[in-house]
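There are structures below to look over.
Next come two complexes, and both contain chain A; in the first it sits with chain B, in the second with chain C.
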Partner chain A sequence: MPDGMQVDYNGLIPNNVGLNDDARVRKALETWHPGYIDWWKDMGPEGFQESLVYLRTAIGVDPKGWAKFDYVRMPEYKWGVLLAPAVEGRTIPFGAHKGEPAWQEVPGEYRAMLRRLIVIQGDTEPASVEQQRHLGATAPSLYDMRNLFQVNVEEGRHLWAMVYLLQKYFGKDGREEAEELLRRRSGNEDSPRMLGAFNEATPDWLSFFMFTYFTDRDGKMQLEALAQSGFDPLSRTCRFMLTEEAHHMFVGETGVARVLERTCAAMKEAGIADPNDIEAVRALGVIDLPTIQKKANLHFSLTLDLFGNEISTNAANAFNAGLKGRYREDKLTDDHQLTSDTYPVLRPRDGAIVEEQVPALSALNMRLRDDYVADAQAGVGRWNKVFEKAGINFRLTLPHVAFNRRIGEFSAIPADAQGRVLDAAGWEAVRDTLLPTEDDNHFVVSLMQPEHRAGRYASWIAAPKVGIDNKTGEFEYVKIHE
Partner chain B sequence: MDHPPPRGPARIDFQTDPSRYRHWKLSIDGAVATLAMDVDPAGGLFDGYELKLNSYDLGVDIELADAIQRLRFEHPEVRAVVLRSAKEGVFCAGANIRMLGRATHAHKVNFCKFTNETRLGIEDSSENSRQFYLAAVSGTAAGGGYELAVTAEHIMLIDDRRSGVSLPETPLLAVLPGTGGLTRLTDKRRVRRDRADVFCSTEEGVRGRRAVEWRVVDEVVPPSAWEATVRQRALEWAAKSDRPADAKGVALTPLDRTFTDDGVRYSLVRVEIDRAARRADITLRGPDAPPPADVAGIAAEGAQFWPLRLGRELDDALLHLRANEAEIGLLVFRTEGDPAAVLAYDALLERAAGDWLVREVRHYLKRVFKRVDMTSRSLIALIEPGSCFAGTLAEIAFAADRSVIFAGVRAGDNKPPATITLSPLNFGAYPMGNGLTRLQTRFLGEPQTLAAAQATAGTALDADAADAAGLVTFAYDETDWDDEVRIMLEERASFSPDALTGMEANLRFAGPETMETRIFGRLTAWQNWIFQRPNAVGDEGALKRYGSGIKPAYNPQRV
Partner chain C sequence: MTATDTLAAGAAQAKQHVIDPEVCIRCNTCEATCPVGAVTHDANNYVVDPSICNYCMDCIAPCPTGSIDHWLTVATPFTLEDQFGWTELPPEPAQEPADALDAEAAALIADAHARAGGRATAPASAAKPRINVFNRAEPARATVAGNYRITAADTDSDVRHLILDFGAVPFPVLEGQSIGVTPPGTDSNGRPHAMRLYSVCSARDGEKPGANNLALTVKRVAERQPDGSVFRGVASNWLCDLPRGATLDVVGPFGATFLMPDDPQADIIMICTGTGSAPFRAFTERRRRAMPWASGRLYLFFGARTPQELPYFGPLQKVPDKLLDKELVYSRLPDAPREYVQDRMLTRATDLAALLPRATTHIYVCGLRGLEDGVEAVLTEIAAAQGIDWQALRAAMLADGRLHVETY
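Let's look at the complex of A and B:
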């Protein structure tokens, strides 16, 4: 039953794409499956593979009732292929083919471009699992451990989603790319993941929360843009992935907020009013606020690099071809072709940062990044409510987009968090006030002591207000079996 | 919509030196030199484009050509040269597309021709100077970037699962790899033609094991072993070289030249332009003094050594005329001096052929004469009283489309009568792109004439003898000379410049095809045709639309 709302769990691979009737793709996926399981065991969460984790599993694609919660051993998780329901009569929403029926098969002329988009997206999914694989050992609570593993298994499922597209629509090349997705390794010198931020270590839980807040939000923006695709299977896949991705950002946003709450509470208990009295705050066993700001600076700037060059031919081509749209393309009211529009782009010019109007098609990466910054800003505002409520005089801010960049217009110039262009000496002078130092990281790591007792939370993080699946914070989210 | 012609320098200058490089970093460590591409995006020769991702324009290539030349002359100790990128993630993205999209057709053709000559120069370094080039490709080598890599004797590709090599011109730009990419795939790398077809129509190209299997690279190396392996391979190639370890290089000092409105004056070369006649008179001066006695004397003279100085000046003059004087369609060559003095230099060049520096000078003159062959202007040699078309300089007459010799002397003129004298250097030192000498090419159908000419080596042939030997087109005496020459030049100037370019290129390169003639021939026939077609350069064509995101619209008709 293709395009169904219910997931078929009868075969090896749960799906709602009629895999039973598609022997070729089923065989390809079944051939790929053992390699995936090997990858999961090698590169997935370290330890805890035998533990029972209270995970949600998709049982349908109806937004109202798609998930059920139960204890699962992670290697037995029902990874599968799930597409959002087909929209009857859907047309290509943008670009040169706007208004034509959405493609159900890959158009030959765009095959390479489409494959590249899918491979790059696909590569990020296992990458983050690899980056986070050591974190289980230092989980500050069973609740957080469960959230980590939920994020991990869903990133694994997102890999499945991309691999399905590769194997169904891209023939031999697609199968080879699917294999390659299992061979690259985050941070491996000889075989790194494709994008820089996905080769950075996630050494501690604050990094994990920042990553899920900032970097998974890039994933959300990319998925939103691909969900608009004129290639209908990609659109449907991404639409369903977005429902899962929302949880990852929830983990990030609430994770950071709980760290802030705990620090504020500890400061108040100890009567410390000055957030910059770092030694005193750290002595309380919580993370000082300036260090949290530095971590945010790091993850925000690394994530901006994922949007690529501000002015990009590839992005222009993908839009014009109808393959990758803008954030919420369907809510925008222009002509959706952009052939005569312009868009403002920030560029360094003679030591200053200026705004230039460039053809809108060329500036799509910039536009998506702008949408991202606005989206990320909203959560930062909610974090700052924590300080207001606690009466602590501190605000977290996002650094300027020119800060600490390695890709794009600003990669050539050092700039501070306010976007002031610096010389090399000026940058050296401020670097340690803006990015985590070795000392900062060392301190954060020193706090990462596991808390495996149900209902207990590590010293540096507050308990959640509510648990998962309407359970309380005391619920035993992971039954640890070492 | 027609773009205004891009603004650029008033005169494109082909002279530079490492202290002025904006795009390359040359470093030398013992026998191994590294030539690292680090293109300054803001350093384009013209307005209106940025040289992103190590993409290049003519200015970048002028520096490359300079570096290659200096490595040969100034660094006898360098036995291996590693071409690599100083930028992360990209080796070289090829010729800058926006530059190509905006450039005039003539500029594109000149640019491609010069880059081709430079690429062939790299191969000439490996083959004849025993200064071996290796390409260490980390990041993407696309289009002209791969064409640069493929000039090397050994191509290494980092196997980081991202870096790859490609010739994406057809799918991406609706043009061809214009710098010998297609020809080197099949002729040099011997890539199977169906694989080459797949390679050239796949935008992202190939990487990793497949790149080796298809022979588009020689080896792939994991990142952890990359630097050590690059070093190791360079040393292995260096060990095969016969270049001297203890010789002193010759500094290529700045040329002695003065530009005027109507020409250029060098120490040995004079270019005088008659704009109304669309003609440049190029006069080469023979040596004023006998050659040094031995190779030590040559080294002491350095860049002032007559053949080297003459070669550099003629080379620069040709490049200047090509790039900056598009309407000057007729180049008239003359020489001045004592033929015996030229022959004395030839004798030294022949006697000391085993010396590294003499080898460099001979191969450089060979390349300059090839540059003459490749110059798409009508070439006329006027062999007049007082001239010295002997040995090496006689090659100019054989490179010309026509040569005319003055029979006898002018009344009241005390200059000695015009002669042609052949030397051993006319019989092998300066092969053309087709692998034959100019005389072999000239006498393809007359081996007996070639043998007879060879028998005259060392003997000055007067007009009648030169005519009888088939070494000149016409011989005129004083009665006819002025009128015949004037009419010939005026007639030439009246023909279609396009037809002349095509006709001359067809007639100049008789005989066998080589990779080199195929590269230039294919460029001329196909690329220059495609560069004119709306599918590439029309307002809806691929070059114009590149980067806009808007798909080019092609005329489906096959021609």
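Let's look at the complex of A and C:
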């Protein structure tokens, strides 16, 4: 067993980083802990803190210790500091320092940049818990409620992961940043979360599934890029987080798929062949397919903004410094320095969208976004299999990357879902066919009636194909504390 | 051993590890986790190479979807190309969960369950067991952290409470499961000894909560033979003599049906003799730790020759009646008639009769072969007095995962 695999559960903070022998960091984290619990109780899942939730807790960071399922009250969840096992002799995989031994301490010249990367990643974790805190009240099943809470506790653990790095490696600055992570609030006018999509409301479960599919997938891409980092503690932290993040992808992908399945089944039962007969489909108590497409358009476009400007010197600097790599850098076969490469970037030019070659180093955000789009597209293809299987003539598509953007090259131009550049009037004319309207949102929210009976599902969503931890259909995933 | 190896060795069928493409979300966790590079993917599917997968199970727990926990019985393994083309798994007759992927362990469990009167299934609410996490090629190394005699020193019955610590290696086990050990050395024919299975007697979170260890209840087999010699069991004597600090290889865990219901309303009737008490010690400890407030009750009918020979006699006195309704039954008390567990069950007929028809009642029998016959007879009698056809009820309970027999 390599060193650092064992998780110490004896102290207040389960960890495999030797906190017991590190009095300074242990004390810092123990000082931070009450504030975290207060934050969780104030801003975590509302109304279910006393309920017993069938949650997965990692009891070790090697594969065999990965998943221990049991009923847990969320405030008693074992949030801990878990790093993937160290790789012996690891070197910095890219950038100007490529081939040098990976850093075990913060390289002084990159201290500010590294802190910024960690804080931005860390800020998204509590943000999504805040965004989702009211959803428990309208859960379409105990199964879904459990999945929501699993996502929430793991986002909480991801916050711990980032806070550990701040406390351990950034001294007083790190402590202050850790406090700030608990102080900012999603959607708060005075102290909002740092990134736009994390200040949007998550008003209903379809939004939640779309968020976990599209926006948590950005998290996956960012973690994949940071897992390549030459700063070894960050790399190891992110590698372990990715295993948890996969569960969030699962909740989103299967959640949307189950909504599609239920709508298709209801349409077939009622003999409705036209997916655009929205009134008739909504009368069945299911979500019509065009509205689902609009929700996908919204969440996809909001998430693209998270990748930042297509052309970015910050991204180039982070890569050059060896701090943030590309998606699965270790699988790429170029020189990992990109000093003379170019990369194609889409940009608006004279009323049209054109492709231009730019220096690859400055186009790293664009590249990560392209990898993201390909990853997201694959899942949409699997959603479309639901229609094929049901014999419903409909396809979901991802809108063009220029659609509905607030950040980057396309923020200045309105474009439709095919990437045709529009004028203001043209945009107004199509807006309501491409993004959810108030009416659409109102309808979806009207369906959000809780279903708390074990094994039962709300009218608008199908049961999952398999249970969590192979549980059978009647399993009580949450024992609700009245 | 891979599926391809097994078939090459002349087996008619082998288990092939496959991924359900309808459930998989292509997150790459399995491919990143697999230590031998058996998982690969194309644009369509993630698949397992049957010529590489060695059933090490490393990929099972990290998978967020459960799609990777699928095993097809095949005569010829599906190739990578077959699997890349799937949009859903090929059809296969429904199967019970396997007790073990190790043939020797599976045979031992099948034999222990042979007297259940039909195919056993796990209680619906039971936690999902992990099986074969460690195999003989890659066993878990355990250290003996304690070895205590739990019968009186002045009796012939030497029963030991053995605590095995796994150090940094997580060994996931549920109450009611067994582990496998093989004594060192060879038998009189020069062949390696056969594997032995022992039920764990500790709760899933360890002998002490949070400790990465488990406990066994082991009786030293030393039987006087008709010719005056003494037969000494190889495995039991080896285990009972292991000093603190000794190390041994452990495989498993095994067993997918003799598990406790994870349901606070479940009433659990536990009937045992001797070391058959091991799983029930685990059940009781689990209930005490996880659901002390449970409305369901635990009933223990535990037989031994004398109190001095009853494993855990001392500690059992301290278990509150509120948690555990105890009936300790002795067959060799001086100045008392011989009493067996089935006799005491008859004494408690009123309570048992009330429990039998309830859908929340679970019955477990564990001990030496033959115990089940007496239990059967008395349950038939108690049921009949209520106008209940025990055979029909037991069949329903068996199918429901609420009746379990493990005798050896």
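Heads up, the rule we're going with is that the second predicted complex is superposed on the first by the 477 of 482 C-alpha atoms of A that agree within 3 Å, B and C clash if a C-alpha of one lies under 4 Å from a C-alpha of the other, contacts with A are read in each partner's own complex, and residues count from 1 in each chain.
Here is the rule we go by: contacts are C-beta pairs under 8 Å (C-beta built on N, C-alpha and C of every residue); 3 or more make two chains touch, one makes a residue touch a chain.
Please read all numbers here as calculations on a predicted model, not as lab measurements.
Judged by the touch definition given at the top, the superposed model places A:G171 against neither chain B nor chain C. In the superposition on chain A, A:N470 contacts chain C only, with no contact to chain B.
Residue contacts after overlaying the shared chain place A:F250 against chain C, while chain B stays out of touching range. Once chain A of one complex is fitted onto chain A of the other, the partner contacts of A:I59 are limited to chain C, with no touch recorded for chain B. Residue contacts after overlaying the shared chain place A:A67 against chain C, while chain B stays out of touching range.
Of the two partner chains placed around the shared chain by superposition, chain B is the only one that A:A316 touches, whereas chain C remains out of contact. Of the two partner chains, chain C is the only one touched by A:K385; chain B is not.
Greater residue coverage of chain A by touch, when chain B is weighed against chain C, goes to C.
Of all the residues in chain A, the ones that touch chain C in their complex are 1, 5-6, 9-10, 59-60, 62-71, 220, 242-243, 246-247, 249-250, 253-254, 378-379, 382, 385, 465-472, 474-475. Chain C contributes residues 20, 22-23, 25-29, 32-33, 43, 57-62, 64-67, 69, 87, 124-125, 127-128, 133, 167-172, 210, 290 to its touches with chain A in the complex. Those residues of chain A that touch chain B in the complex are listed here as 96, 112-113, 116, 180, 183-184, 189-192, 194, 313, 315-317, 319-321, 338-339, 359, 361-362, 364. Taken together, the chain B residues at the contact with chain A in this complex read 159-162, 171, 202-204, 222-224, 546-551.
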